[in-house]
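We call the chains A, B and C, going by the order they appear; numbering starts again at 1 in every chain.
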Amino acid sequence: MSLFKYSSPTAFYPLAGKLVPWFAALAAIFAVIGLYLGLFVAPEDFQQGEVYRIIFIHVPAAWMAMVIYLAMAMYGVMALTFNTRLSAMMMEALAPTGAIFTALALWTGALWGKPTWGTYWAWDARMTSTLILLFLYIGYLALINAIEDKKRADKAGALLVIVGSVNVPIIYFSVKWWNTLHQGASVSVTASPKMAAIMLWAMLIMAIACWTYAITISLVRVRAIILERERGRSHSTRVANTLSATNIVAGS
Amino acid sequence: MAASSVSNSTQTAADTLRGSGLRLERGSRTIIDNISFGIASGQALILRGANGSGKTSLLRMLAGLTLPDAGVVLWNGEPLRALSATWRSVALYLGHNNALKDDFTAHENLADALSIDGISLEPSAQLEALEKVGLIDRRHVLARRLSQGQKRRIGLARLWLALSHAHHKPLWLLDEPTNALDSEGVLLFTELIGRHLGRGGIACIATHLALDIASRAKEMNLDSRIEVVR
Amino acid sequence: MTATLNSLTQIDSPVFQPERGFIVAMARDARLAARSKGEAIQALAFFVVVVSLFPLAIGPESALLKRIAPGVVWVAALLSVLLTLPRMFANDHADGTLEQLALSVYPLPTIVAGKIVAHWLMTGLPLAVLSPLLGLQFGLASGELAVLCVSLILGTPVLSMIGAIGAALTLGVRGGSILLALLVLPLYIPVLIFGAGAVEQAMVSIDFSANLSLLGAIVLLAGLAVPFAVAAALKISLD
């Protein structure tokens, strides 16, 4: 399979470089269309007024928070079973983006909650489990940064995310259970009014924008990680050499 | 099943241990670079080299604790699977640390090591081993109060018992076993290694001393990376 | 001499008896703990002190104290277990016996399982046994005290198990104990919810058996998977 060729960091580096501008362009285009539809075309919500428009950021961000963690877990399985270094590098590249989307989901949720329900934070099942997801991201980042040996950090991080992903459904279920146990303290964020088709479209397009943004950023980041890690390695000096060669050519 | 077939094979066929193109990296540092060697039953590989030259790393790699970044370790032609059941019944590893619990006495430490190895021996046999390595009077002393040399001697007691045990592990991986040993202790160690090799065992030993087993030993200097190739 | 020795030698076939690894590791850790009794008692004392801080911080109003008792006792138990986690593997790692355990003839997951059970016997079980006494300070009724104790008996093994994964991953890492807390605490949340929830339900006379059943299910599922995860984590950390 020719695809396996790209499981080597050195082979993936130039490919990622070629993909970055495309995904960046897609992300920009979809973001512009999505924001235009969401902020200008979509009608005002008859209950919430203009405030509801934050969902065009909030909902895609919350989706990405989950999706990126699952993607990391899948890369983690690959890193441990096939011992592919690139998988672990992709995890490391995805984690900050996932953490930022999680924080964004929490922050926009709070901003949305204040005018709508009169409180920034409610111990709602979704908000609480999103907060815990943020803790899981922070734990992963703390672990891989605390371990000096990169090989060990890769594997330890992969194992941690796999254990975490097994726990995510249990955490979500337990928090929901806990929430029903303590009725009254919470507000229901789930009760969304029937959405107009244009709202749905705006949200989906924004979701695609977030996807492509996440892919762009993690490709840029994984390129940086490859360069940093492969510094001084024999077969990677090739990458560095090609790079400096192109720089010299460009400079002369 | 694996254990018994292994111990049978040590009595009948000759074992071989080969390393080929072994490399180990830590961060951007290459600790072991392209090392190859081969030894067979009755032979010892003596690892020489300055501190930090990778002796411990190589032994840990042979034990299956560390995975090489490149290259392969072959036992009887089969690639070593790290920490597999077969491998754990082949290799006896005495590490850089003494692997003793400070809160256990000398005798308890020996018993502990044996039970981890799945060997159950009568106490009298254990006492015999302690007698042999000169720890019989110190057997009730906590390990924390033993001298470095005495701690090392508990390792010698394990080797002595390993030689007497039916599940004789054919491969010994010893990291500075002679460290802190007095001349009498070194003599005892040499005797044990000689008996092990005489029974068709294989040993990889990191040591600074010249051992009196030269005829059966190959030396590898990790400083200059002189490779021993068969 | 060798001949007489061989006749005394009892040959185990360790490959056929993986449960021996469990027993060997558990007995070993139990004996070691008995040598340094102080550590187990310290964790227990910490548990009592933390629980006693809450009335001092909140005030002696008995209705409020009773209301928060399940949560307070559970969080304190969780923190005490957390404190004991670093030494689960750290001592064996430092003196080199962890390598011997990894190279033991017994499969590493069975040894890990033995160590986890030993850890629970030294920390979780004493906490659970002591908990009714602390619940009494908060004015819990006898039925509620029993539920508190049972919930801790069911829940603390999971704390030891998940904690073992964290302890194995952070082995020898600088600033490991804070990192360990950061990794492990979010994963403790379901156990905390079900454990404290059972007691709260008992306090408002709701059927609490569902919570205890869920705890039991988590213990069983974790018990099947965790030894393998910890063994994998130890191999990573020893590499």
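Basically, a residue touches a chain if its C-beta (ideal position, glycine included) is under 8 Å from a C-beta of that chain, and two chains touch if they have at least 3 such contacts.
What you see is a predicted model; the values in this text were computed from it and never measured.
Asks: Would you pick out the chains that touch subunit A and also touch subunit B?
Replies: Chains that touch both subunit A and subunit B, as defined above, are C.
Asks: Report the pair of chains linked by the most C-beta pairs in contact.
Replies: B-C
Asks: If you average the Cα atoms of each chain, whose average lands nearest the overall Cα average?
Replies: Taking the mean of C-alpha atoms per chain, the most central one is C.
Asks: Report the inter-centroid distance (CA atoms only) between subunit A and subunit B in whole Å.
Replies: So the centroids are 48 Å from each other.
Asks: If you average the CA atoms of subunit B and of subunit C, how many Å lie between those two points?
Replies: Once rounded, the distance between the two centres reads 35 Å.
Asks: Averaging only over C-alpha atoms, locate the centres of subunit A and subunit C and give their separation in whole Å.
Replies: The mean C-alpha positions of subunit A and subunit C differ by 33 Å.
Asks: Indicate the residues of subunit A shared as contacts by at least two other chains.
Replies: Within subunit A, the residues that touch at least two other chains are 148, 151.
Asks: Which positions in subunit C touch two or more other chains at once?
Replies: 239
Asks: So which bits of subunit B are touching at least two other chains?
Replies: In subunit B, no residue touches two or more other chains.
Asks: Report the residues of subunit C in contact with subunit A in the complex, numbered from low to high.
Replies: 165, 169-170, 173-176, 179, 182-183, 185-187, 189-190, 193-194, 197, 200-201, 214, 218, 225, 229, 232-233, 236-237, 239
Asks: Tell me, which parts of subunit B touch subunit C in their complex?
Replies: Going through subunit B, the ones touching subunit C are 1-4, 60, 63-67, 82-83, 85, 88-89, 91, 93, 95-104, 112-113, 115-122, 124-125, 128, 161, 163-167.
Asks: Which part of subunit C faces subunit B closely enough to touch in the complex?
Replies: Answer in residue numbers: 1-2, 5-6, 8-16, 20, 24, 28, 31-32, 35-36, 91, 94-97, 99-108, 235, 238-239.
Asks: For the complex, which residues does subunit A have touching subunit C?
Replies: 80, 132, 135-136, 138-139, 142-143, 146-148, 151-152, 155-156, 159-160, 163-164, 166-167, 170-171, 173-175, 177-178, 181
Asks: Under the stated contact criterion, what part of subunit B meets subunit A in this complex?
Replies: 25-28
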